[in-house]
Amino acid sequence: MNPKIIFLDAVREHNPLIHNITNLVSAHFTANGLLALGASPMMAESPDEMAELATISSAVVLNLGTPSDEKVSAMLAAGMAANQAGVPVVLDPVAVGASHLRQKTVATLTQNIQFAAIRGNAGELAYLADVQWASKGVDAGQGSGNLAEIAQKVAQKFNTIAVLSGEHDFVANHDRVMKLSNGVALFPKVTATGCLLSAIVGAFLAVAPRELAFQAACEACTVYAIAGELAAVGLQATQSGTFAVRLLDALAAIDATQTEQLMKAEWII
Amino acid sequence: MNPKIIFLDAVREHNPLIHNITNLVSAHFTANGLLALGASPMMAESPDEMAELATISSAVVLNLGTPSDEKVSAMLAAGMAANQAGVPVVLDPVAVGASHLRQKTVATLTQNIQFAAIRGNAGELAYLADVQWASKGVDAGQGSGNLAEIAQKVAQKFNTIAVLSGEHDFVANHDRVMKLSNGVALFPKVTATGCLLSAIVGAFLAVAPRELAFQAACEACTVYAIAGELAAVGLQATQSGTFAVRLLDALAAIDATQTEQLMKAEWII
Amino acid sequence: MNPKIIFLDAVREHNPLIHNITNLVSAHFTANGLLALGASPMMAESPDEMAELATISSAVVLNLGTPSDEKVSAMLAAGMAANQAGVPVVLDPVAVGASHLRQKTVATLTQNIQFAAIRGNAGELAYLADVQWASKGVDAGQGSGNLAEIAQKVAQKFNTIAVLSGEHDFVANHDRVMKLSNGVALFPKVTATGCLLSAIVGAFLAVAPRELAFQAACEACTVYAIAGELAAVGLQATQSGTFAVRLLDALAAIDATQTEQLMKAEWII
């Protein structure tokens, strides 16, 4: 990874419009997180306006949190229109292993849409990579697979950038995997922090040329994780409520220089 | 505008039930804002209970944030029942210019419902006034129109009170326009602050006699903007997370005397 | 009530997966509250995945906040599957008296699902007990009925544990009623605090043997109310925004010993 963070300032300069088809748990938090970062959030869900909104957006983020027939139609319409318009599309396969509906939905989406990135936790990406894993609802759960290999397998299978987030984040493309080691234990105690990361990956992809998409995805994860570190300063492990508030403050306050100084990144494949 | 704030105490005394047909981004924040102010929020969306709920409510607020066929049916049923029962109805035409679905929906709503007030940002009201404007998703965007004239045009076209909110708020009826200059730059960094203002306009209209509706709308904007000023004391421009929390605290703490001392209002048409 | 709090540690040890079919107002806050407490929240709403998700869950919570045809189908599917699998189901009959749709929905649900607990405010449980009461939208409203008797009547009629929450909480089974007197006035100033209590009752039932379900429900109410007391320390009555944030912190920080020392419980029937 380039040790210079180049796309955070670009997000703030261009305020990319990020169109999210998301769920009732994460919509408010995701919108506030994107605003704090410097992007412009839009949430909609009617299939009737998807193609139109996708083409005025700088990125489209499809979140599987609460799937329904209508939302799947909306996601298909938005993703396919975005593909045609050259707008990057991010998939967040929330709890994909938890039900046949989710499995079928993700199969439909990945067959019809080319994703610029797929962001999920270990359990979600293990499912996509056909690796055994004991997920638990929307949580990552436990498994013994090699996380870097899981991420790489997803990247290869779907010809995309795979972002496996957790205690460490693994960002993979077809050939290489970057391990990112910033972050704090409070993240998984706040709901929708994964959804927000997917949206932030979308915001970084929105301002990056396609050939630097991998770098942009790594920057998104690193900026987000370090914002969490800054937000957690002085907090106890129990203060998830306060952490969520401060995380929004930190997403607006963090700058490129700070990120470069604190980032922990290494190529592992 | 009457320099006395008379309807804030009335909201707290009568706790008007405000029925919101709203979106998944703003529902939680709007409900908490109404509660903090002293009103009683209700959010529902099934067409099957709309007429019933509208008639037990003191105001109905229709928010276009995430339109769908079912929501539009619900909005029509609620708005028409409220009109019949003499309950004031507020329209928030979120991102109306962004898609044909939204444009068609607003046309249907304005043709069938008499709105007591329409509250939107510059881009949204410019669309309603047939004025050229470059909106950006749900954000106001940029344009060169005269904001007071846009507000007045909306008021005249829809025979309503138009509330154009932004750095300055413009409240217009058929004949006159009040410019309100309280507020802080943190407002647009928090999602759904516009939606909450629409709901608060509803709460003030709910306790005002019809002939004082203009005064009530001005008070709603002023109380809200000054609550924001109080919430922002000591905060940096990046602290949108903390600001949102304190805004709720301030909506409960603000009183009429304080508002009268800090308000900046002038007739400009 | 057993003066020992035994199920709080069990929630934290087992992190039970709590499946909520809930509404757009409360979803985010409920998920964060369950996470803070130590449970694992899941929110979904498609009828197509309900049976599957219900059987992998440790409790199912059905919340009537924003009913729709599809949600009612989902609730029926989830509740019936949970009944078959022996997974406890909690009903939160939000604003049941406010519309015929809600009344019909609750009738359908109670006829087809055996609830382990029903949690509501005085107005909601008075409706279920066929007692006259003047509810106001989603708020409890005013009435002169005896709250302990209302709770007991609901427990008897639906063969369940009834939890009537308010300034005092009343937990009833067929024979007895416990009055719990912890809590703070800030609770009703934050939206969805009732919904979160219903979910927390679900989390406690999830880790308790069936014969100790009454004890578990009492513990849930007491832990939640005392977390509120701790969150409110040093706050003014107007600080509902700050209270909501600190309540999440307190739900993670509170322990059994603290709860035992502060609890105020007495048998009244």
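Descriptive notes on the structure:
Per-chain residue numbering starts at 1, and chain names A, B and C are given in the order in which the chains are listed.
Just so we're on the same page, contacts are C-beta pairs under 8 Å (C-beta built on N, C-alpha and C of every residue); 3 or more make two chains touch, one makes a residue touch a chain.
On a predicted model such as this, the values are computed, not experimentally measured, just so you know.
Shared contact partners of chain B and chain C are A. Interface residue usage between chain A and chain B, two copies of one sequence, is largely distinct: under half of the residue numbers at the contact are used by both copies.
Remark: chain A and chain B have CA centroids separated by 33 Å (rounded to whole angstrom). Within chain C, contacts with two or more other chains are made by residues 23-24, 27-28, 244-245. Residues 23-29, 65-69, 95, 98-102, 136-139, 188-192, 236-242, 244-245 of chain C are the ones that touch chain B when the two sit in their complex.
Listing the residues of chain B that touch chain C in their complex gives 15, 17, 19, 22-24, 27-28, 31-32, 35-36, 40-46, 48-49, 52-53, 56-57, 70, 244-249, 252-253.
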